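Per-chain residue numbering starts at 1, and chain names A, B and C are given in the order in which the chains are listed.
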């Protein structure tokens, strides 16, 4: 090969690189391992973390994933394929994306979806930027975002949009119900508001009054950005039907659809909107068309908005979607169907109700909000939550998410979740262990 | 070799201007521009009533390969837009100087003062690319 | 590859009432009521199919794809190297797969140890002093990088600096990112030899310069020889240097961006570190920084207290890093992708890392030489190729009317995925070709044969090339119609 190039050795190929810049050694990188050795290492690391019983939700939910989903997703033809820029060589990926877009449209009640985004948090940020572009009647670039929206989603939205002149303003919630306060909205009457974000169910698991909130926003010329849990859409009214006109943009994290918890990612964000706003929507979109012989086929479309063409004027710099995860979500939805998803949603609601019932019967524990919920709940304790969680963990139970950092005003508060992946026996085990721990420790 | 009608004036950014008897102007993009863009799939026109400065981006023409801004060749206010482009963006490809007009403006100053090119000068600009 | 019949939509299969009932949880005795005003009235229009319907449909769809596992994929700037399956097996171990991101420290040490060591290894190979793993794609990492540059200048109360210099040959994400961070992109050209125009750079830098975004080797596939001078000019003007790591594969183990004078960079773990492309994601765009940008790194980052068996790992948060640009992800980034990159780096090890740059560059220069012998024209024939190179088909387009796109489509008929076409925009009718280090000489030779054949077809039967592909599941698609008559969902809900 070197003869064909006309070079004496491989080093000669790097002759254009100044000698002073060349690496001497990479001492900080350990010596290579063969596959057997590296797998042994990874087994050991995995064993360290074990498999505790999980009762944490807070934006990532454990669901049963049919074995067939990842058996198909892990096929080399999906796993190691590239972005479908050459449509003729990518009809598998492209048709799957089209089917995915169709399913998201069906679930959310809005007409057009994109091919997915990085995750739910960044999807919210992108939706806010999109609302500013799309809402011609507003010049304030001001987005109202309730404190009942996931704290990490709010943080990411702030980090991602601050540089573009967006003003994010938080809205208070009602202590009694855990819902966004109507009073918090009334102070904005008569002002220029670009968009209102509504999360349903909200971070506390509580169901918001989405119709009233949607109509309030529209009456003020603001767009509505809905942030939803896709499993909940099997039983809850979809954002396309909220209020008189429906939400304008819907986003959320698709993790509950066929994506394992996997230590925080990869997940995928979904986004859907009205047809009127399709050109303002970031990300990739697949369209159906025909080929030279009139055969139906699929291709990326509306690419002129994207970074590789518009460059500095693009709708966003995003140039990926979460491919594999979106495929998993599509196969999961196809497998479960509407009836299966409804069963999952109901099982989760029932199991969380059992969990709340069992735990709030214990002395010193009570439910924070009496409002209707999906499959998460806030429990209030008479003593700090962190030591209890530590002790539960030592017994192989991850008991929930401590709300002390983000909602200190609630006192000693814990967000708990039980999905269909937990059995009645799991719930009983949690209650039993917590009961013992409460007896052992003192009241604060 | 693109078509450059002699009776129109042109901006360097490939817009053409047709003076109407009533002092208003009609604006579109040149044959050279539509050819470079390829088949148009979408046109975004400004809102009627909007006030524009000379050189301000006021419309977007989108093809499969590019989405380009259209700049106001003169300062003025938008008095009409071509509604037919919503359903048939290809009018700009088929008839860029006629049925493919984009908007009509009421200029805020005398046209002679605007920096517009004559047909021959523009043809040279377009040819140079 | 034999062509399966055209696949219908999943919605076209199945029957009312059909479903994979074995996957449904048991019906619950008592389900809490949802208030009537919030309840869904009609079920969503999802497919009603059996498990076998689903398996068959998506398996057959997968067979319509090209992929690294099935085809040589010389896409310039994408680094389509083999994805070792061990990476997938390790990342999918049940304990990692089932672990909740908010689990307590007790159940996180194994995972966090892998993340910490990944941070350390990436610092070593890039010459950077800090690494944050959470950006979820290259473009996301770019955003973090430019945001950190802005934060740095703001912290010094230097508020005038809002210009980011970008070469005209840069990837489109670069200027798009500058805009997203509230900056203005200032473009500068490259000289005839492909290096950045230093004279233009000197006149462009000034008190408004926040920084410059560069790829090295550049998007033209050649090493930026004046990099030391570029660094000096920009630093003297008070700006910072950002390294776009898309082409890191060319120099892995040979040169480190930190040593070249870069202050901040992103890495594409799905390119250089072999995590799967997945048909468009998930990626991971880890960022690395020089010391002065450490306080601004995005959160969370893994820290270690203690050493050896006593080491305890934890996430750093806002309280630990008050000047951070913030969180860019809901939890901690694409953890599963990061685990795959970790396993890949552990398998390559110290020596393997050096071999990557060497063999990627060897394969690229070999392929360039053979293709030139076959009659193709290099865009920068006087330069050594890095891990990728550009051919220009301008002459072919002018003489035969056969474009780079036509050649790319004809390659599909010969069982090769097309190279990158029409990027960088600077070179007319170009093909950007990157073989990577995981391809054998035999594969490269076969590719040369196909390319030579197409060149000859362009002369003798140009219509065959212009009308390609002929042997794929579909012929060329009408993308004008796709954009004009938008069909983006099956039976979309009415507006």
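Keep this in mind: a residue touches a chain if its C-beta (ideal position, glycine included) is under 8 Å from a C-beta of that chain, and two chains touch if they have at least 3 such contacts.
Note that the structure is predicted; figures quoted are calculated from it, not measured.
*Asks:* Just grab the chain with the largest centre-to-centre distance to chain C, centres being mean Cα coordinates.
*Replies:* Farthest from chain C by mean C-alpha position: B.
*Asks:* Count the touching C-beta pairs: is B-C or A-C ahead?
*Replies:* Most C-beta pairs in contact, of the two: A-C.
*Asks:* CA centre of chain A versus CA centre of chain B: separation in Å?
*Replies:* Chain centroid spacing, chain A to chain B, equals 44 Å.
*Asks:* Roughly how far is chain B from chain C, going centre to centre by Cα mean, in whole Å?
*Replies:* That gives a centre separation of 38 Å.
*Asks:* Can you check how far apart chain A and chain C are, centre to centre, with Cα atoms defining each centre and the answer in Å?
*Replies:* 21
*Asks:* When you check chain B against every other chain, which residues touch at least two of them?
*Replies:* 41-42, 62-64
*Asks:* Hunt down the residues of chain C that sit against at least two other chains at once, touch-wise.
*Replies:* Residues 479, 483.
*Asks:* Quick one: which residues in chain A touch 2 or more of the other chains?
*Replies:* Residues 304, 309-310, 313 of chain A touch two or more partner chains.
*Asks:* Going by the contact rule at the top, pick out the chain A residues touching chain B in the complex.
*Replies:* For this pair, the touching residues of chain A are 136, 279, 303-305, 309-310, 313.
*Asks:* Quick check: in the complex, which residue numbers of chain C touch chain B?
*Replies:* Touch list, chain C to chain B: 479-480, 483-484.
*Asks:* Of all residues in chain B, which touch chain C in the complex?
*Replies:* Touch residues, chain B against chain C: 38-39, 41-42, 62-64, 89-90.
*Asks:* Flag every residue of chain B that touches chain A in the complex, lowest number first.
*Replies:* Touch residues, chain B against chain A: 41-42, 44, 47, 62-67, 69.
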